[in-house]
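Both of the next two complexes hold chain A, though its partner changes from chain B to chain C.
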Partner chain A sequence: MLQFFVDVILRTVDLALIAVALSCVYSLIRFPNIALVQYATAGALIALGLQTLGLPLYLAIVLSCVITGLMAVVLSVLIFEKLLDTSPPLAMVGSLAVSMIFTAVFLVTVGPRPKRFDLEIMAPVRWAGVSITPMQLVSVGLTMGAILLFALLLFRTGLGRSMRATSTNRVLAEATGIPTRKVINGVIVLSGILAALGGISISLKGEMGAQLGFDLLLPIFAAAILGGLGNALGAALGAFTIALAETFVTNVNFGWVVSQDFYFLPASFATIVSFGLLVLILLFRPHGLLVSEVKRV
Partner chain B sequence: MFDFLIHVSIMASLYAVLALSLNLQLGIAGLVNFGQILLFGAGAYGAAFAFSNQLGLAAGIGAGLALAVCVGLLFARLGRGLGGDYWGIATLAVAEACRMLLQTGGDLTGGAQGISGLPPLFEAGSRQDAALMTLGVCLAFLAAVYWLCRSLTHSRYGLSLKILREEPQLAVSLGYNPNALRTQVLVLSSMIAAVGGVIFAHYISFVGPDQIVAAETFLIWAMVIVGGVGNHFGVILGAVLMQFLFAFVPFAKDLLDMPSDYVAAMRLALVGGGLLIFLLWRPQGLVRERIGGGHRGG
Partner chain C sequence: MKRGMLLAATVSLAAMASAALAEPLKIGAVLSLSGPSATAGEDQRRGIELAVEEINAAGGVLSEPVQLIIEDSGGRVPSALDAAKKLVTVDDVPVVLGEYSSGITIPMGTYVVQEGRIHLNMGSSSGKVRDIGENSFSVIGLDRVSSGYAAQDLYDLGYRKIAVITPNNAFGQGVAQEFNQAFGGLGGEVVSSVLYTEGQTSYRRELQQMDRTQPDAYFYSAYGKEAATINREAFELGLNQTQWYAGYMSMCTSDSQPEYIEGQIGYDLNFIGDNGQAYEAAYQERYGEPFVTSFSGYAYDAAKMIMKAAEHAGSTDPEALRTALTEIGGTGFEGATGTILFDESRQRSKQPYLKQKIVDGKAQAR
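Let's look at the complex of A and B:
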């Protein structure tokens, strides 16, 4: 039973940071950026590249986050804001196109085979029937720390107050002297950093590859929409809910349904469940579990 | 080489039909459908189910149309009360979930191996004759769909769809029912895509989940955006162009002496780059939409 919760937490950690980043950007510029999942892959691959160049891992991670953050703001200014001015749905198609180009670049530079960080192999910790590797612990710590810091930034600092003001009413925020332009760019850098950290924390526990981003796309959107797209911390809660549903479906013995002793659904059902959940949410609670907003026309 | 050209032409005309179907949704009614390939897959799997139950082509077309209409109605139901961007994600989720269900479907869907052995449309003397006849059917179908789309767009009905796309609130105030209009467009374009899927299934004689991956939807999107959103002729042009470029990629790889891993990367870059370049610098596409009464041309 304890192992079940450990699995749920580990999956939540996979999704949470990128979902928070997605939601956070949406709250400011109403733009669901598909390319964010590729920033996660890029962050992990850049960190790996820096590590192979001989940098210590923690330094490689910090540098990779900075690079990805800057890349996010450059792409946003050069491409996405131009497209958002013409038509928001087409901006989403633009971010999809950028994602495809990212995958092409990954395939050419890194190749189709998955890669791993160069880490010491350590024995998993066993405690009360649960086994967990030290890197999984690091990844959980990294994610929780990042979310905590993000929450503190959002609710305890002047920048956070400006962010919340800009997302609630941009025109009013501008009129009261908040430099909304800078706030938005700051948030986009932050989203790049969060996404890169998310990708790195996934890769610390396992592998990274060109397909990592696209495999994450729909579970991340499910998490962000479940939390109410635009509600950044809600996205973390959404990630937990999706992780719970996915882990439940693949870990519960459905033997009683088909009158056999054991029947476990194949692992691909985890993905089907998160997509199905996303569709159900959009059918019945399009604005997420937390918000009770008036419908858009 | 000639056989290969016939094959590419058949695929180009089938994808042109899919692009016309997406253009009806996106270009005329303004619906951002990221699950387009599922409608095609519904047709293909309909034909395959009919075949595995020892039924003929007519039953296959019936099953394909019925499946596609179900998917179209589900898309339309999802579209109520959802903004454009949300709906795009929802359709992508439905398409991917269905693909995975088909992949784990066991004996009914053939799982990852799919269903193979569908009979070709024509039992002609040589393979080349049969392929040429199939090409003829595809071109005739494409012409029929083009004619249908054009006359629809130029009718009062098409104008009402365009009002819905440009000014939804104005359309409501004029007494149009947006949900009904969107449902009709989705059902019609689903049926068009499904017939394409049936022809495809019998031509390739194999139906499997790998044929309906999301990347195919994005390819169709690139055809519509490159060709010109809202212009039926432009969309056909975009489809032919993209399909022939795709077919050329393996030759380019040999010419430039690159490893075969690069084929997938080059195709991705082609679709992504094409989409991005046109969205940024020529959002109207190769052939722009005719605005106004538009009873002539385009």
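Let's look at the complex of A and C:
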């Protein structure tokens, strides 16, 4: 049982930060940016590159987050906002195209082989039948810390208030003197940082490859929509729900159904669950589990 | 008797005729130079390269230097097929060597054979390789032999409940099925059998499912990079407390960190036969390290064999090559990996294996 809980948390950590970033951007500029999943891969690979250049890991991570954040805002200003002026669906297709270019760039620069950070190999900690590696703990801590900081920023600071105001009604916010342009760019930098951190936290406890982000596209969208697109913290809850469903399908012994001692569904069924949940949510609760001000998905 | 002489006369006449307009022999190869099996693919490339260099230094085949054209499959079926198409249609090679993973070798070989060219398998062991077609040959032993060997070995070591994990492709399905049959036949039990999806970044869920069935040993056979992920996560989950048994040791461990695989046992192809010392020395000298995997020797033998066949046939025509290969393989070809004898369906009939154990990160005989 404890192992089940640990697995759910670890999977939530995989999805949460990127889903939060996706939802957060959506709340301001009303289009789901598919390229965000690639910012996660980029963040991890840049951090690895910096570490290979001889930087200590924590510095490499910080620097990589900054670089990815800046890249996010540059792409947004140069490409996505122009497309968005035409129509949001066009911007979404544009972001798909951009993310395909990203994959190609990763394949050419880093190659198709999976990579790992240069970390010392540490034996797992075993406790009450559960084994956890120190890096998994670091990854969980990093993610929770980032989400907590983000929540504080959103609800306890002036910037957060401006962000929420801009997302609720941009015209009105502008009329009351909020520099909406700056707020939007700030949020996009923040989304890049969150996504990069998401990718890095996945790579810390496992490995990274050119497909890291793209493989997560479906569960992340499912998580963000489940939490109500535009509701940033709802996305974290959405990630937890998806993780719970995925882990349930693959970790529960269905032996009693087929009257065998053990029967597990193949692990690839986890993807089917995110797909299934996504369809169900879109059918029955298109605004997500938590009601938000967003009226369209 | 008379007819035999007539045949011999025609063959030699044909040989003379074609020798007169001999073209340089072109050898095509489709290898996994990138992707999960890149380590083994690169090792195969070394084997072929050494063989071709050796023959070219000695004057080539049919008095012409041999041309070697290598294409990367990226470890994916579509790219492997594209690569084979390019070799056949653009370079017009009479023979294609490759690939590594059975799931790729079978479609790739089938295409090559359909085009009337020769296919030489030097790395795949699925039983289905046998059905590729008339023009396909294997210099490596197929799976029925190896899985039975592993089952017997594990049973003799006293293990009775085994969890099996193999890739979900022609190779993995073959190994799992054959192992299950052989081990069940001996009186043991396969408590769980997982086919993993290739190319994932995590196999945690699969491993946890296996752990739940409480096996007393794990039997796995996985491609380099994927095996590395499996070994790391097994270590992280503490599953390495139970004995791990590797099918094709060098394939399973070539990309893994030594800490993760310490103490694993398994079997591997015997990749050095009685005549292999010269090859081993040449490899060491050229690449400055001992064999990386057990597969370079088979690639070396495949290349040597097709070159010998061309010399023997006096032609680079696929038909003539096929006849020559059948003849050479029928009497036994002395390769670096031992004597290669073809059975009636053109597959290597005998395949010796080695029992190994990982001690201090290196495979040793046990």
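In the analysis below, the second predicted complex is superposed on the first by the 291 of 297 C-alpha atoms of A that agree within 3 Å, B and C clash if a C-alpha of one lies under 4 Å from a C-alpha of the other, contacts with A are read in each partner's own complex, and residues count from 1 in each chain.
Definition applied: contacts are C-beta pairs under 8 Å (C-beta built on N, C-alpha and C of every residue); 3 or more make two chains touch, one makes a residue touch a chain.
Keep in mind that what you see is a predicted model, and the values were worked out from it rather than measured.
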Chain C versus chain B on the shared chain A, clash or fit after superposition: fit
First, second, both or neither for A:Pro266, with chain B first and chain C second: both
Partner chain(s) touched by A:Asn251 [first = chain B, second = chain C, both, neither]: second
Touching partner for A:Pro112 - first (chain B), second (chain C), both, neither: both
Chain B versus chain C as contact partner of A:Val98, first or second or both or neither: first
First, second, both or neither for A:Pro32, with chain B first and chain C second: first
If touched residues of chain A are counted for chain B and for chain C, the larger one: B
Partner chain in contact with A:Leu149 - chain B first, chain C second, else both or neither: neither
Touching partner for A:Gly209 - first (chain B), second (chain C), both, neither: second
After fitting on chain A: smallest Cα gap, chain B-chain C, Å: 5
Touching both chain B and chain C, residues of chain A: 111-112, 266, 268
Residue ranges of chain A touching chain C (in the complex, touch as defined): 3, 7, 111-114, 121, 124, 126, 131, 133, 136, 206-209, 211-212, 215, 250-251, 253, 261-262, 264, 266-268, 270
Residue numbers on chain B that touch chain A, as the complex places them: 32, 77-78, 81-86, 88-90, 92-94, 96-97, 100-101, 103-104, 168-169, 214, 218, 221-222, 225, 261-262, 264-266, 268-269, 271-276, 279-280, 283
Chain B contact footprint on chain A (complex, rising order): 32, 79, 82-83, 86, 88-90, 92-94, 96-101, 103-105, 107-108, 111-112, 214, 218, 221-222, 225, 229, 266, 268-269, 271-272, 275-276, 278-279, 282-283, 286, 295-297
Chain A contact footprint on chain C (complex, rising order): 34-36, 38, 74-75, 191-192, 194-197, 199, 201-206, 208-209, 212-213, 225, 229, 233, 235-238, 257, 259-260
